[in-house]
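Letters are used for the chains, namely A, B, C and D, taken in the order the chains are written, and counting of residues starts over at 1 for each.
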Amino acid sequence: MDIALLIEWSVKIGIVFFILMTALAYIVLLERRLLGFIQMRLGPNRVGPFGLLQPLADGIKFFFKEEIIPHEADRALYILAPMVALIPALTTVAVIPFGESVTVSLWGYTREIGLYITKVDVSLLVVFALTSMGIYGIVLAGWSSNNKYSLMGGLRSSAQMISYELAMSLAVVGVVVFSGSLDLTQIVKEQMNTWGGIIPKWNILTQPIGFLLFLIAAIAETNRVPFDLPEAETELVAGFHTEYSSMKFAIFFIAEYANMVTASSMATLLFLGGWHGPFVKELPLLGPIYFTLKVLFFLVLYIWLRGTLPRFRYDQLMKFGWKFMIPVAIANVVLVAGLALLLF
Amino acid sequence: MLRVIVFAPLLGAIILGLFGKRLSERIIALIACSSIAVSTIAAFAAFAKLLAQQPDSAGVRRISDTLFTWIQVGAFRADFAFMLDPLSGVMILFVTGVGLLIHIFATAYMSGEDSYYRFFTYLNLFMFMMITLVLADNYLMMFVGWEGVGLCSYLLIGYYFLRDYANDAAKKAFIVNRIGDFGFALGVMLIFYHFNTISFIDKTGIASVFTLAANKPIEDLASTALFAGGLTTIAILLFIGATGKSAQIPLYVWLPDAMAGPTPVSALIHAATMVTAGVYMIVRSNMIFGKAPMALTIVAVVGALTAFFAATIGIAQWNIKKVLAYSTVSQLGYMFLACGAGAFGPAFFHVVTHAFFKALLFLGSGSVIHAMHHNEDMRTMGGLSKYLKITFATMGAGTLAIAGFPLLSGFFSKDEILWKVRSSTVLPGSLGTILWLLGLLTAAITAIYMTRMMVITFFGEERFRNAHHDDHGHSGHDDHKAHDDKHGHDSHGGHGGNPHESPLAMTIPLIVLAILSVVGGFMGVPEGLAEKFLPHSLHHYTHSFYAFLQPVISVPVIAGNGGEALAKDHGAELVSTILSSIVALVAIGIGYLVFRGKPLMQMPAFLENKYFIDEIYDAVIVNPLKAISTTGLWKFVDVVIIDGSVNGLAKLVNLTGSGLRYLQPGITRLYAAFIFGGAVFVIGWFFYVVVNR
Amino acid sequence: MEQAFFLVLAVLSVGAALSVVIQRSPLYSAFSLIGLFACLAALYVSLQAQFLGAIQIIVYAGAIMVLFIFVIMLLNIRKDAQVLDKHRYLWVLGVPFGLVLAIEVLYTLSKVAKVSIDKPAIGDSQSIGYGLYTTYLMPFELTSILILLAIVGSVILARRDDEKEEN
Amino acid sequence: MVPLSWYLALSAVLFTIGAVGVFVKRNVISIFMCIELMLNAVNLTLIAFSSYYREISGQLFVFIVMTVAAAEAGVGLALVIAVFRNRQSLDADDANLLKL
């Protein structure tokens, strides 16, 4: 356990955490602005230039709001819930690689630094594990705040999670089969190969069905429109976080957006070749940039969908999940397996 | 080849049994007869092949056909195989031939019966079993056929299963046969115990029973030998089996009752074929018998006595079929007498001739019964000769044959038997002579009662005109209904109108059989006659029967009485021949004169009632058995002990259950606790073991 | 270091297990159980079984327990029914039994040979997949069939009767 | 290096706790969870052995145990729901139709 490694880790963690947090904050802003444009209105643009300071203002507001804990609520769980929601969401980032390794030389030290926080050879599984843990926050919140809307929200989200997790994993199986590894870095590396040196072997090209399935499932997993039943304003007031106020509420928000980021980056890594792009080989530092752009694309997609699509009805959601997604996913697995047999 | 002979009837039986119900009588008859015809033709072909075959070193010709090894346990091996040697060859010929004729006869005789198909199914099945018995190449196969024919005879005797007497007769036949079969089975087991094989013929790895038996010493003539468990015991056990199947004293009682079956059945099963199975079996095992003089003696005595008793009974019967039944018994007695005298060849010769004329006689009586609308009582017949000309002629021939009229088949065979008995080389002391005299007497009686039957039936006043049916209901009435509406012109039997000759289908077999029983004897002319009267060139043919059987039949010679010398003495033989023919002629004359006068002459009651044998059996065996079974076995053993124990067990279980029930309080968690405790205990036990090891 | 790690996890998991049993509200037991699973997953990882560690979380914590909690919330069971437990004696029965069993098992395990095999540790997804599709193919397929049956069975069981009357 | 026996001891304790829980708890779902607890204890043993004996089979067993557990949970919970529908209660003591 040499000191340099410790330093490297702490530095990496610090940077990533900082970037993530600010990103989250600004994604909120981005969403509000975009929705504004979609709905023919200006989003928040008063605070700072283009309202760039809006997130800061929101943060301050959340901090200073009064904190209300319902009397009949189950206190312990009520307080626990936001943490449970947030921790897995943030932890996930630890295993997400955003680039190859770069060599930095500092005061004569030259050091090879991998552009990821930790490296697990089953990182894909770890991501799934953590995301699947994320649901508990919602469930706890729904249960503990002792409110039928919240309970309904919790119920819905748990059911929804189970249903769509299956489809998601099945969609990913295709990718795993192709790249023959559960390690995200490895998966990306596999996608760096090209046909004839031009067309990259991104999985989106080899298995578009899998990609679509994954995308839909991911949106459902993150409880976003059109799958945002757990917090359906019109039916359940605000679903699981009806009773939550001030910072706790903010935490739920952050968790949700963190999940979005995770999902987007997963989509990127699994299907869009991660940090792969022109000249990456020559200039590794381009990797993170490409990566960020791709992730951003997905985030915009999220917001776009929210702006355009209506919400599912609960039974429709279930029907869609069980009777369409999963069968198609299974079929896709079979197809991909056959393809794999043909190609390799 | 042989399997065709065997399985054609089975095929017919199966087809008829499965589909017969829907088929018309014509089709059924066609199927039945054709299946038998096939096997008959096959039989003749096989026989021809056998004749063409070159005898091997031992002078034996044989065709054998092995389907598969049926049972193989240790040393025990029973092949599912058939074997055709001269003995079974001759047997199969007349079995299939006579069987075919009788089938043809039956098609007409049985027509109009309901469940016509059932009759022919059984009949074909019987043929299958009989042929299996004959062609068997080991004792087990033979036993299969043996039991099979028993079953079929049971089925056919009980053919009119709506009639009590038919059922009773069937049961009687079956049970009595059981006793015999028991003996036979024991005999076979004992054979295996002694020789480690049950095969008739030498096969690779298996020496036949007979070759082994041939090397054994001749056992001494003493009653102790019976229970010594040696060859004598085997022979006696086999003989017991034979007495059952071939109706000898003391087991003959079933055969007369067996006449409850339709007449063709009586002809086929209870005269021509099945009942001779016993004789066939003994002739087949002549090697064994040849080594057991005690057994031979017993066989001879029993045979002679049976012949005599049956004949005397037969003389007093009024039912035409009963007369024939008893004559059958008595003729079988002759055969056994011959076997006992060591004259297996003549015995078998008599089997053949007897098959001819007895089948003829039965079929003739069937034709008569048919004409009399199924009335079997001779007292209501008479004077039929001018109505049933063919029947009369053929039956007459048959009668003369059985009565031993010179130069007819019966004459040759019976005379040969008598002479062989007279000059027996095995019977001790003067027993041969005594039995010979008894045989002569029986021959006379036979001639008398056969003549009586003919006279009462065919001559004299026509009693059937004022006769009315069913006065004689004790047995033997075939089914009326169908026939009455067939012969619509006199639905109440004989009143008005004349009896008329039977259709061709019935008369042709009669004629064929008549011819056979007239000329059939010439293939086995006794040596004495041949020496005296026939040109030497013909001996080959006149003696063909014995010559043919020679390889498979040994004539045991047991020194100690003057038999050998006498056997050579053709003069003496001629004398006895003349004597017996004189006896026959005289007896026929007596019979004619006596009964022409008063046909309904009353016979001694004890004869008419068969010496009260049935009653005696009832009193001595049946009723005690019944009593024991009811009081002892049923009332005590079954009810008290068996039921008691079973019910007691049930009660015990019941009590235990209702006790253990309290361990089931219905508290799920308590069950879990039980499981848990069990686990703890088991692991603890393991420790205990581990620690103590 | 490792030992401390193990001890911490061990204490945590035992605590969680106890609370599973002791908690009166099923939901609390459920969450303690999830905690236990997390600890176990960590232990698996410390045993170089990363794959199973991840699976443990995904299957148990992520799926099975979610199912449990879903049912609990669906039936909205706040606490055990307040009626008096008619079978308190089961506690009396259970604790000593438990102690005995624990002692026994520990004793048995103490008999286990101290092993030290110097081969590289295994437990990566590759080796597991290999084993699963070669040696243990049959059981694997059987489990898949079992799961199919389970799906059908649970659908049949959980459907309402009135649905049955409908069709 | 943690000795094998530690893992085994831990799993033994867990198993016992689960076993006791099975018949101490009244709520069917809790009982269920105790069963899962026992299963996991066994899994721990298997994995410990497998990693100490460098033998993959143990982990495969665990894998299969997990699948079976999943199936079991599905069916079991369906049963629980059915029971609850019939007799508005999850108390194991109320499911006593077998009692005399």
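Methods note: contacts are C-beta pairs under 8 Å (C-beta built on N, C-alpha and C of every residue); 3 or more make two chains touch, one makes a residue touch a chain.
A quick note: this is a predicted structure, and the numbers were derived from the prediction, not measured.
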**Q.** Chain at the geometric heart of the assembly (C-alpha centres)
**A.** D
Q: Just give me the whole-number Å value for how far the CA centre of chain A lies from that of chain D.
A: 33
Q | Centre-to-centre distance between chain C and chain B (centres being mean Cα positions), rounded to whole Å | A | 82
(Q) What's the distance between the Cα centroids of chain A and chain B, rounded to whole Å? (A) 100
Q) chain C to chain D: how many Å between their CA centres? A) 5
Q. Which chain B residues touch at least two other chains?
A. 667, 669-670, 673, 676, 679
Q) For chain D, what residues touch not just one other chain but two or more? A) 19-20, 23-26, 93
Q. Residue numbers in chain A touching 2 or more other chains?
A. none
Q: Could you list each pair of chains that touch one another?
A: A-C, B-C, B-D, C-D
Q. Which residues of chain B touch chain D in the complex?
A. 661-662, 664-670, 672-673, 676, 679
Q | chain B - residues contacting chain C, complex | A | 667, 669-670, 673, 676-677, 679-680, 683-684, 686-687, 690
Q.
Give the list of chain C residues in touch with chain D in this complex.
A. 2-3, 6, 10, 13-14, 17-18, 20-21, 26, 29-30, 33, 36-37, 40, 43-44, 46-49, 51-52, 55-56, 59-60, 63-64, 67-68, 71-72, 74-75, 77, 80-81, 83, 85-87, 90-91, 93-95, 97-99, 101-102, 105-106, 109-110, 112, 114-115, 117, 119-123, 127-128, 130-132, 135-136, 139-140, 143, 146-147, 149-151, 153-155, 157-158, 160-161
Q.
Which residues of chain A touch chain C once you look at their complex with the stated criterion?
A. 77, 120-122, 125-126, 128-130, 132-133, 135-136, 139-140, 142-143, 151, 154-155, 158-159, 161-162, 165, 169, 182
Q | List of chain D residues in touch with chain C within their complex | A | 1-10, 12-21, 23-27, 29-30, 32-34, 36-37, 40, 43-44, 47-48, 50-54, 56-57, 59-60, 62-64, 66-75, 77-82, 84-85, 89-91, 93
